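Chains here go by letter, A, B, C, D and E, matching the order in which they are written, and residues are numbered from 1 within each.
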Amino acid sequence: MPKGGVNAPVPVAAEATPAVDPRLIVRQEGVKGYLGEFRRRITSGELGSLPVVLALIVIWAVFGSLNSSFLSAQNLSNLSQQIVGTGMIAIGVVFVLLLGEIDLSVGSVSGLCAAIFAVLNVTHGVNQWVALLSALVGGAVVGLIQGVFFAKVGVPAFVVTLAGNLGWNGLMLQILGANGTVNLSGKDIVSRLYSTIYSEQAAAYGVALIGVLLFLGASVLDARRRQAAGVPSRPVLDIALRTAAIAVIAFLAAYTLNQYKGLPLALLIFLVFIVVLDFVLRRTTYGRQVFALGGNIEGARRAGINVSWIRISVFTICSTMAAVGGLFLAAQIQSASQTSGGGNLLMNAIAAGVIGGTSLFGGRGSTWSALLGALVIGSIQSGMNIQGLSNAIQFMITGAVLLAAVVVDSLARRTQRAAGRA
Amino acid sequence: EESSGGGSSGSASGSAGGGSTVGAVRIGLLLPETKTTRYEQFDRPLIEQKIKELAPQAQIDYYNANENATTQQTQVDTALTKGDKVLILDAVDAKSIQSSVQKAHDAGVKVIAYDRLAQGPVDAYVSFDNKKVGQLQGQALVDAVGDKAGSGSIIMINGSPTDPNAADFKAGAHSAIDGKLKIGKEYDTPNWDPNNANQEASAAITAIGGPNVVGVYSANDGMAAGIATALKAAGLSVPLTGQDAQLDGVQRILVGTQTMSIYKPFKPETDVAAQMAVTFAQGKPLDSALVPVTVTNGSGNQVPANLITPVVLTKDNIKTTVVADGLYTVAQICTPDYADACKAAGLQ
Amino acid sequence: MTGETVLALRGVSKRFGAVQALTDIELEVRAGEVLALVGDNGAGKSTLVKSIAGVHQPDEGTIEWQGRPVSVHRPQDAQQLGIATVYQDLALCDNLDVVGNLFLGREIRRFAILDEVAMEKRSRSLLDTLSIRIPSVRIPVASLSGGQRQVVAIARALVGSPKVVMLDEPTAALGVEQTAQVLDLVERLRDQGLGVILISHNMADVMAVADTVAVLRLGRNNGVFDKRRTSQEEIISAITGATDNAVTRREARGTEGSP
Amino acid sequence: MTGETVLALRGVSKRFGAVQALTDIELEVRAGEVLALVGDNGAGKSTLVKSIAGVHQPDEGTIEWQGRPVSVHRPQDAQQLGIATVYQDLALCDNLDVVGNLFLGREIRRFAILDEVAMEKRSRSLLDTLSIRIPSVRIPVASLSGGQRQVVAIARALVGSPKVVMLDEPTAALGVEQTAQVLDLVERLRDQGLGVILISHNMADVMAVADTVAVLRLGRNNGVFDKRRTSQEEIISAITGATDNAVTRREARGTEGSP
Amino acid sequence: MPKGGVNAPVPVAAEATPAVDPRLIVRQEGVKGYLGEFRRRITSGELGSLPVVLALIVIWAVFGSLNSSFLSAQNLSNLSQQIVGTGMIAIGVVFVLLLGEIDLSVGSVSGLCAAIFAVLNVTHGVNQWVALLSALVGGAVVGLIQGVFFAKVGVPAFVVTLAGNLGWNGLMLQILGANGTVNLSGKDIVSRLYSTIYSEQAAAYGVALIGVLLFLGASVLDARRRQAAGVPSRPVLDIALRTAAIAVIAFLAAYTLNQYKGLPLALLIFLVFIVVLDFVLRRTTYGRQVFALGGNIEGARRAGINVSWIRISVFTICSTMAAVGGLFLAAQIQSASQTSGGGNLLMNAIAAGVIGGTSLFGGRGSTWSALLGALVIGSIQSGMNIQGLSNAIQFMITGAVLLAAVVVDSLARRTQRAAGRA
């Protein structure tokens, strides 16, 4: 039997009926059909990430009107770097959320791995690549341990990772030792990953172009294959409109970044992580199995999926991403300190995933929600900082804006439920 | 039944707990947090060392409240349970510790307010003055900015809004800065988080405009780390303050990305605290040399006190302060990355 | 045309907390044979199927596969042996679409990447075989009707190349036409030399396709009947444990009271 | 002995996203009548029942209760009118025990406190009526067999005093004896003057108890038949939309190929 | 139709079969049967809260052997007061967990309500009862608002309460104002509720006796009614053994408390809250509906339960309990400070519920888990304090112990799953 192959014991019966349902409301061709379909989706609440994007636009508009420097290229460029640490961690959290589980240890793990890198590289003078690898492997091992306790021993993920939250924080303090904060040299690989900004105009535009072309190419190829196989495919107009939308966003972003210093490497790495892991989730067997587990764990088990292995691997991915995020956060302040991984980091990372549209109950979400969520949270923080309000007021407004950002999405989903789709 | 001694706190300390010899004194050391390195790196070992020196049989119970006032309250309870006769208490929250101080007082236990002036019937106090610290930071910034004061404004990044001590630093700093420098943006930073401080600084630079920033007040070295990178990213080189003389802060001062820090010579402070504790443990009154002044705490109690002056740490006095006092060795400070700066500063 | 025994149970027992669900069950399935497993509600049929499929572990007894005792600890093990199962509680992943569910655990890949086009194409033809109309193979199964879900679950079992197919009440939610198609399918499977275990409460269906009928009652074997030499009434009384039961009474009333 | 119309649908339509599940449905149920609602898989039967029960809101059309239009926004509203429903996807609370599920929303209380003893007693007698054996009425329904769960759901509908009972494939998972009991039950309900809507794919059952048979096809009315004047074949061809279908073909083969 | 009454349209058919299943393994009478049943339960993992109790015993034994003052009457008495604040909050969290939801705002709400009381009573000199009521009403209103956003608007509880976590904290800072910490007078009702200790020996023993008698009475009455109605009832031996076990625990506790100062009022209030709310959950329609929602929300809706109302009320209860807990925490340090409600309080309260055995996925749990969980967490903290280790080590050990405390339970549940019961 060929690997992954399919072997039908049953020849297709002659008396086949058409599988397409006659009651399906088929979209009309052309622009009009497109608009009609769009209207139908809006009324029935199938909006995808549109509400969050809308919320983001509103947030930007409000803060921009309050203080013009919010929308300055400099601030947006800073923002694009500041979200990377939390965003990377949020990507890992998205994986865990897809299983319908939670990881409360990501903050501590990020701090721990930053400390591993800093102490090895700076204090013990270990080669930077070895130190980097050690930090990442450290994260992976942490995830592995937590995953085993969850998947094999059966301790609820909440408890395992809560214990981890404490334990790894303790380990970090231990590793940092009595001296506490360790300064990075500023010339090491981690700092450079964060602080490098490609100032050639071509860099940002080039990346935008490559992204758009990749999307277009993949869409066209897919549509061709589908047409050839006789299964429904996306109409040309649809592809064109989507590509156009993406092109506008990509080139606008590139233009803004070029207005200040150029394309930050950190942002580029972040995007690459998102795209690659999104691909893993949507287009590989592994990703399919992660979604299946989040949808119906018993169903997944019966389908022959190795549930323990998926669970362990997802927790490993999550902790590894926490390590990556931790390194970027350390690079941001050029040091690993005892406060690393503390504070609001954990909540921000989880909130980023959830606000971006990943369900807490498993089986629904995407790595892109890490970007969207981190952007929403980062923008609020940045906006409040530019306003310079007192903390009491800041907390209240941040809370209110967080809530408001999700209300649109929730209302949309409510319509959707009423339309029988949730 | 095995430890009925635990029931009557403040007496018969010898019988409670494992293995202390008869006549040993039992002293509780309650420190507030671990986020700043000084407590576990200096205060605890130095105090323990000094007490052992003065009273070799003394038993010291150590507690750290991890920035939580409620935890500290339970730790005071625990200390009383274990039969500690003297408490060296560095309050998380000087106000809300009052009831615990009262409880200890009622149990006949002496309370030494350490570093922060707790409310309630405190028996003695030794500290650096928090307001004074802020004032020194502020003054140092005013001096460093010098005649650029008119050409722009500064950014103030204070400590955690939920940390009562941050309010003291802030008030002290304002007393020195207000009227002399223009404050462009001011922040309180939850949890003293360096990453937050970094973002606040970035935002403020954007809002004020890079060339208009003439200096940054940072309440401690941890946040200064984050601020320094924000300044660097914006291509700014302006005065930046700090506090605690952390190793990384010292290194930044060496290379000039931070202007100053506050060095609190822990040794005198810990020595005084240890002496006070041992004196109390022996049931003797405090020598007036040990408590030259009297202060009034928030609850109106008169407290005999010993206030030690903090030192402004700059590139010029690294050698004579932190190195001379054995806080850090030259080797610790002068890692390869800082070798050149060390040479320039005459450290190596 | 029934061949040698592919699957056999020897003295299988299974207990849930305080309930003894199965006691000392013996069962044999031969290649090219349709074995109907019947019994009252709660007789233990589904428990038996799940024990074979690796969802539950039997407390006692052994499972033999092609004459050799095997251990089936997980559903994977059973699948690797070549046992495909349609469960009564379908256990589909509600968030995945029809294609995703059909190929779950057996995805078609091209260069290690999911080949959605091939899977979609094959899904359509599989569903067509079973005469089911589904609005789109790309909607989440959560929004399918009961019968549509049932058909998806049945089609699942046909992906891969099983040697034994176990169907736990596959036609319960199906319309008359779909039921007929599934019965056709069962016969085709038999003709291809597969062993089929069919659980059903519908005596007409059982009598139509089964070669052998095994009756479970209160978790124990209660007789194995050759279909050709047994009447429906005999089987029903083996199921209910009495010749006087609600069915016969209802039928008696029906005859006398009919217009 | 059928009485006046208790429940009527006028032009009811329901759309899910891109699927038009129901189009312009007309339906009338009279007191003391068993109305069988039949149709292919995905014809929209369950959607119709859920629209009446307040689980879904119809997009268009009105529901009339005893001649007056009513609005049913939530399941509570339907219950208050006197409509009891057994859903195809049972929607029991897996973590509650059998008693808890049976009386959910209609608990018996003594001095504002749950009267567990009375509920337990009554549960036992309800289940006895339906000839089902359940290990204990105090185990969570998660551990019941498919048929046992189905019976619990049916028994639920009998707690309270409904005027119309809607049963969506109530006998799908039931054994022969339990099926007979449920059919008896349906007849008793009719004899007490209740209106009954029965959805079933089993033509034998439909022909046995129904007075009227309404056929849905692809979400539209496809005829209402008086049972006494209609043959099973006519109904099947209304369901499948053709006289030549898998059922007839299968039967044809069955006759010629039988031994 | 009588309220809550039942009206059978169907007369019981004559041909009824016995409902009891012959395959049920019936327990033998007498001690032997009891032990057999016990063994069966252990092997199949139906252990209830036994694993947590065992974990607690191990924790006590270990810390007791490390330092004898851990098991001193004084420390245990202190512990019994210290757990009240977190425990009260955990009770509220249990309600929310039963719905399968989470409330991240409890910490901030507890701080807010403590601040309301302190500022009204101390700063503005408002009558203490009015201030107390205001604080509680404040908590309830907060819960109501969050509940409405969750139940009516449809925003995920995680997001609503995360926003609340920030927002209410901001409001608390605002209310406390620039002066920060407000010390309580020490003579107000809240302080007295916490600090009062009944030193008469009779008090503790009396309460223990009343508790045991109530349990015995209720058990006997129930068994009688069941026998009269002909439904299975608990055998006499069973009742006797359970009562004996409870009596031993109650009197041991009373004895220990009397060894020090006597019965703390705070503990008594905590126990009353647990018992009353446990009764509400298990013996009232409302409680039944809460469990139903946690088990199957669609099922509950179809059963005619007013889902929104239950959700809103549960969030209101949770926030009100957070207010109660916050007042006890304020009384503990005799002040409302800016750190109130911060730190580990949130995680501790949730962890208490989860460790005590309440499921994060809804539908399974009890208010007693708040007591057990708070005891586990409180004991670890107290034990670590007595040991006086450095924080790094403390964190690691606390994490490890937390994990270990749940591993027993998880292993038991794993057996249970294997036996088909989860």
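Here is the rule we use: contacts are C-beta pairs under 8 Å (C-beta built on N, C-alpha and C of every residue); 3 or more make two chains touch, one makes a residue touch a chain.
Just so we're on the same page, UniProt names per chain: A, E = Xylose transport system permease protein XylH; C, D = ATP-binding cassette domain-containing protein.
Everything quoted here is computed from the prediction, not taken from an experiment.
Looking at chain C and chain E, the chains in contact with each of them are A, D. Among the remaining chains, the Cα-based centre furthest from that of chain C is the centre of B.
Farthest from chain D, judged by the mean position of CA atoms in each chain, is B.
Inter-chain spacing, taken between the CA centroids of chain A and chain C, is 42 Å.
One simple way to say how far apart two chains are is to compare their mean CA positions; for chain A and chain D this gives 45 Å.
Counting partner chains per residue, chain E has residues 15, 21-24, 173, 391-392, 394, 420-421 touching two or more of them. Multi-chain contact residues of chain D (touching two or more other chains): 16-19, 42, 131-136, 143, 181, 184, 218, 246, 249.
Contacts with at least two other chains are made by residues 34, 40, 161 of chain B.
Taken together, the chain C residues at the contact with chain A in this complex read 53, 55, 74-76, 79, 85, 87, 90-96, 100, 103-109, 112-114, 116-118, 120-122, 124-129, 131-137, 143, 156, 158-162, 181, 184-185, 188-189, 192, 194. Those residues of chain E whose C-beta lies close enough to touch chain A in the complex are 104, 149, 153-156, 158-160, 162-171, 173-174, 347, 350-351, 354-355, 360, 391-400, 402-403, 406-407, 410-411, 413-414, 417.
The touching residues of chain B, when paired with chain E in their complex, are 2-3, 6-7, 9, 16-18, 34, 40, 61-64, 66-75, 77-78, 80-83, 92-100, 119, 161-164, 167, 299.
Within the complex formed with chain C, the chain D residues making contact are 16-19, 39-43, 46-47, 88-89, 131-136, 139, 143-148, 150-151, 169, 172-181, 183-184, 201-204, 208, 218, 228, 236, 239-240, 245-247, 249-250, 254, 259. Across the interface of their complex, chain B is touched by residues 67-69, 71-75, 78, 82, 85, 173, 180-183, 186, 259-260, 329, 332-340, 342-345, 381-382, 385-386, 388-392, 394 of chain E.
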